[in-house]
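You will see subunit A twice below: alongside subunit B first, and alongside subunit C after that.
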Partner chain A sequence: MKKNRLMIVLFLTPALLCYLLVFLYPSVRTTVMSFFKVESVSDPISSWTFNGLENYRTLWATSIFKQSMKNIARIWFAGGLGVMIVALFFAVSLTNGMKGVKFFRSVIYLPNVVSAIAMGTMWINYVYNSSYGLLHNIFATLRLAVLSETLWTGPDNLFWSMLVAYCFGMVGYHMLIFMASIEQIPRDYTEAALIEGANAFQRFYKITLPFLRGCFRTNLVMWTVFTVGFFVWAQLFSPVNLSNATVAPMNYMYELVFGSSASTGTMRNSGAGAAIGVIMMVIVIIAFALTNLIVRSDDVEL
Partner chain B sequence: MATKSLRTLDSNNQRRLLPSYILIITWVIFTFILIGWVLFASLSTSQEIFSDHMFRFKTGFHFDNYVRAWKTQRVSTYFMNSVLYTAVSCTTIILIAAPAAYVLSRFRFKGNSVVQNLIASALGIPAIMIVMPLFSLVSRMRLTNNRWLLIFLYISMNVPFTTFFLLAFFKNLSTTYEEAASIDGCSPMGTFWRIMLPLVQPGLITVTVFNFITIWNEYFMSMIFANKPQVRPVSVGLFNMIQAMRYTGDWGGMFASVVIVFAPTFLLYIFLSERIIAGVTAGAIKG
Partner chain C sequence: MKRKVLIVLLALVVLTSPLFAGGGAEKATKKTVTYWSMWNEAEPQGLVIANAAAAFEKETGITVDIVFNGREIRKTLQPALESGEKIDLFDEDISRVNSVWSKYLLPLEDFAKKSYPTTSGKAYVDSVSTALIDLARAEGGGTLKVAPYQPFAFVAMYNKDLFAKAGITTTPKTWTEFEAVCAKLVAAGITPITVDDAYMAAFFGYNLSRMIGYDRTLAMADNNDFKDPAVREFGQIWSDFAKKGYISRKAASNIYPAGQIEEIAAGKVAMYLNGTWLPNEIKGNAPNMNWGAFAWPTIKAEGVGIEANNYGAQCFAINANSTVAEEAFQFIVYMTTGKWDGELAKESLGVPMGKDSEWPKETAEAKTIIDNTTKWMTWAVGMENVADVNAKIKENFSRLILGNLDADGFYAAMNK
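Up next, the complex of A and B:
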């Protein structure tokens, strides 16, 4: 037993140290920092001055922050709805006796393994390009002049263009999670329903959906975690300055704390940056708690 | 009789699946066009990309785009940096996470479930929450733009996921292996390294592929902690290159850089897609 204790300590310590140093300590310090006035992120604690909820109030009065929250709310809701519907549709189709499942599934998941920078570059410089781009060519062939001349990455369309490009890559991940749950539904159920003459919609509503409650929870929590971390795509679609159309809280935090572009005139304010971090963390916790509440995990654990 | 009726039901089913086939095949073709186009564009000149006869390759295949990207645009530096970072990190992650996962899944001790919950909680902590204190710590220790610091971050950030992933693999092993080993006089630690670790090899490979893809594509942390070109990994390097090349007008070179950067994970995926897909669901469903 004594030997085991030594082994437990030896085997756990490195992993715990990683956790303490890179997750626990920074999270606690960020939370504390969000209640203090801190100008530069590397200021020592002695120069911090306590200012209660002032950082949060400042954020709430800043229009670009409100815009960034509005943007991730739209990403979460509109993007989430689109991704879940397409992912579920693909998952149900692919588990319903289609041929070539393995091939289709691999191709649909593919964007997840490619660097977001590379994917974004393909979308911006090819699909959305207004002189030789894919959309331009398709609409020009169909003689839809208005659509073929649309500037997809112009200010009016920037947000939705970004959202479509982002969601295209996300479908694969959520589809795989749906598929794994659907595959665990006992075949007898579907076969019995098939023989009894239930159509695809009836089978979907009466058998598939009830079984999928647990996996909706996983998908919703993961979608929230991804949305909160939304950063690269906004930077790709507005590479130089923050723009109202694409800014996400993380981009604004980066601007506040590590300030890259002087032209936006953002003052360095690391306390407010920390407050953004805390707000994002709280969103994840709320999403986790809510999905636990709505979709009771004891229903069907797959 | 029963099989026959099932077969007619199946052919009916195939017909009903027609809309699904159309949508999924369109989606798949679109993905292929996206990647195929970049491949072709990376072999064309900038003028050809903008012309309407771009894929006829009248002036031949321009492999010089790759040579230019590799040599003059520092892609070689970024690429080699990323190779170093991913190789060292992926190995060390296993050396740290596998023993932890083993102990957590096999031994009963006070605080076991607390540690497991802590590790699971790390999966939900966004990068934005941890980046500021880390940066302040690192800049006071004057470690920004340090390769080993980057490697340390890549390791630490992926240890919780890897531990969590491997827990299930160790839980599924029978305890008879350990019993037999202890009867033969093998120490618990020896049992782990010599018997248990090789038994979870499939899990180790899958999770390493995941870590490889994550670290290769990691952008946010690298952008903050590596701002000198000499230490940049591919993702940050590519972003900067794209911004620069848009202004110099070297489109062929830009797409060649894109291809060089996504090639490693893409090739890995072609060979290991089944394994990766099985891993996605194994890792996520319990999360």
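Up next, the complex of A and C:
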């Protein structure tokens, strides 16, 4: 027993040290920084000026920050709902013994392998372009003039166009998690239900869904983490400076910490950037706790 | 015994020989300038600078060790400087270097007073653009702390062939002439002007400065206060222009660089209020474009005129802790005067720094604008300094172009 304890300490210490160094220290430093006036993220601590809650107050009074919070709320809810429904649909279909499962699974997962930059470029230039994009061409062929002339990246559609493009790439990831869970469900239940004469919908609602509670929790937490870290797609749809339709908190944080790429007159404010980091961290912790509370994994035991 | 002594002597000779070798002495005196560059290795500026560094080493024996950071330099430079990494020379935008990294800059006045092999016997400051040196001093709080290069001016770039096709022989000097130019272009089936989302705020700021003057416009941006009636007038002008087809409808959805590539480079739109860097940015898409440039005309009497423009440059700066500052400045002079200044302008279709350097034909018309500029305006007349303001302008101007907002709606949205 003594030997075992020594081994545990020996093996865990490096991992614990790594964790403290690369996660805990930056988190604590960021939290402390959020209460100070700091220009550059690498400024020495001696140059920081205590600012109390001013960074947080400034953020809540800034319309683009509030807009960024609204945007990720919409991404989380509307995008999450869409992605989970489509991912679950594909997962159930592909675990139903249909032919070509491997092919379809690979095709649906493929956007996850392709770089987001390439995907974004494809959507902006070859799907949404109002002169030669896929949507323009399809609607023009169908003689739907209003739709074919729609500016998909115009001010009214920019957010939804970005969201669809983002969700398209996320379906495969969540589908695989659902598929892995569905494959764990003992076949006895399904076979018994079949003998009892249950149809596909009944089997789905009475057997599959209840068994997927733990999986839903995992997907929900992952979706929340991805949403909080939403950055690249907003950069792609507004590459030079921030737009109300696409901005996410991380984009605003990036501009506060490193300054604007276009305007050299933008003042850096790493303290406010750190405050955004802290707010996002708190959101993830709350989301994780709530998910654990609402969706208990031990509700259904396999 | 004799054999042992011989072996020891031979070993001593072998071990001490490098101390007496010529190579050792040469190595000790050879200097290296470490240069953190804002360019990427593959872009025209990066290629020219790399070639210039090689030629410089051949001529002077001074090695320039280039670290290509690209635009990431605005994130990577400061931590590197703070951690004491050996960086002698770096470059970025003239305003950013002077404001963000001012504490790391070595004053350059003493170096700039001297003459160098490529300055034709003149002092360095007298052989390069006076306007840019003045700007560098102003940005440096009255002292020259950076050496500007790759100058640019924010002007209206236009397609000369499309102007000719519409029967336009001269560029517009007044707003009435500008409207006439737009009308002729539309009559010829050409869309007069476009813009990308990246430049909408600059477009708005420039137009307002031409309506109510520089200071009032700048105050509006700084205070995020758009109650000035000129904002409604701006809305009226561009709402009318949109209805007349003077501005591309696609401009409302152009994600940079869609407008400059799909509309300007494709030859569908004639004008773009942009900068002298535009020909270089789209030369791959429009290698044979016949470029012209004119200063944005005054819209109302209270506004500034074609004498007021935004111009600027990238700039070289020397780390205050550099031990090879003199050598670093020699390289700066080598890059910003004579052959390599011209080469840089030619390859990047840009603007040269040296007074004697030849301007590429793509930016030749911009020379007159810069020469006649007496009032410097800050970038976008301050409209991009605050993210809130920039985002608001982009969204509302897009809606104005599409007709979703009229002048009153635009004014109300800007003041919401």
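Methods note: the second predicted complex is superposed on the first by the 272 of 302 C-alpha atoms of A that agree within 3 Å, B and C clash if a C-alpha of one lies under 4 Å from a C-alpha of the other, contacts with A are read in each partner's own complex, and residues count from 1 in each chain.
Quick note on the criterion: contacts are C-beta pairs under 8 Å (C-beta built on N, C-alpha and C of every residue); 3 or more make two chains touch, one makes a residue touch a chain.
All values reported here derive from a predicted model rather than from experimental measurement.
**Student:** Looking at the superposed three-chain arrangement on subunit A, would you call subunit B and subunit C a clash or a fit?
**Tutor:** Superposition check on subunit A flags a clash between subunit B and subunit C.
**Student:** Could you say whether A:S131 touches subunit B, subunit C, both of them, or neither, answering first, second, both or neither?
**Tutor:** both
**Student:** Would you sort A:P239 into first (subunit B), second (subunit C), both or neither based on which partner it touches?
**Tutor:** After superposing on A, A:P239 lies in contact with both subunit B and subunit C.
**Student:** Please indicate which partner A:S148 is in contact with in the superposed arrangement: first for subunit B, second for subunit C, both, or neither.
**Tutor:** After superposition on chain A, A:S148 lies in contact with neither partner.
**Student:** Touch check for A:S42: first (subunit B), second (subunit C), both, or neither?
**Tutor:** A:S42 contacts both subunit B and subunit C.
**Student:** In the three-chain superposition, say which chain, subunit B or subunit C, touches more residues of subunit A.
**Tutor:** It is B that touches the greater number of subunit A residues.
**Student:** Applying the touch criterion given at the start, work out whether A:T62 contacts subunit B, subunit C, both or neither, answering first, second, both or neither.
**Tutor:** second
**Student:** Classify the contacts of A:N51 with the two partner chains as first (subunit B alone), second (subunit C alone), both, or neither.
**Tutor:** Neither partner.
**Student:** Please work out whether A:R268 is in contact with subunit B alone, subunit C alone, both, or neither, and reply first, second, both or neither.
**Tutor:** second
**Student:** For A:F258, using the defined touch cut-off, is the partner it touches subunit B, subunit C, both, or neither? Pick first, second, both or neither.
**Tutor:** both
**Student:** So which positions on subunit A get touched by both subunit B and subunit C?
**Tutor:** In the superposed arrangement, which is not itself an observed complex, subunit A uses residues 41-42, 44, 125, 131, 239, 258 for both subunit B and subunit C.
**Student:** Can you tell me which positions in subunit C touch subunit A when the two form their complex?
**Tutor:** 71, 74-75, 78-79, 82, 93, 95-96, 99-100, 197-198, 201, 249-250, 252-256, 258, 262, 378-380, 382, 384-388, 390-392, 394-395, 398-399, 402, 404
**Student:** Can you tell me which positions in subunit A touch subunit B when the two form their complex?
**Tutor:** For this pair, the touching residues of subunit A are 3-5, 7-8, 10-12, 14-16, 18-19, 21-27, 29-30, 33, 41-44, 89-90, 93-94, 96-99, 102, 104-111, 113-118, 121-123, 125-127, 131-132, 134, 173, 176-177, 179-181, 191, 194-195, 199-200, 215, 218, 221-222, 225, 228-229, 231-232, 235-236, 239, 249-250, 253-254, 257-258, 270, 273-274, 276-278, 280-281, 284-285, 288, 302.
**Student:** Enumerate the contact residues on subunit B facing subunit A in the complex.
**Tutor:** 5-6, 9-10, 13-14, 16-17, 20-21, 23-24, 27-28, 31-35, 37-38, 41, 49-50, 52, 54, 96-97, 99-100, 102-104, 107, 109, 115, 118-119, 121-136, 139-140, 153, 155-157, 159-160, 163, 187-189, 192, 213, 216-217, 219-220, 224, 234-235, 238-239, 242-243, 251, 254-255, 258, 261-262, 265-266, 268-269, 273-274, 276-277, 280-281, 284-285, 287
**Student:** Spell out the residues on subunit A that touch subunit C in their complex, using ranges where they run on.
**Tutor:** It is residues 40-42, 44, 62-64, 67, 124-125, 129-131, 151-156, 158, 237-245, 247, 252, 255, 258-268 of subunit A that touch subunit C.
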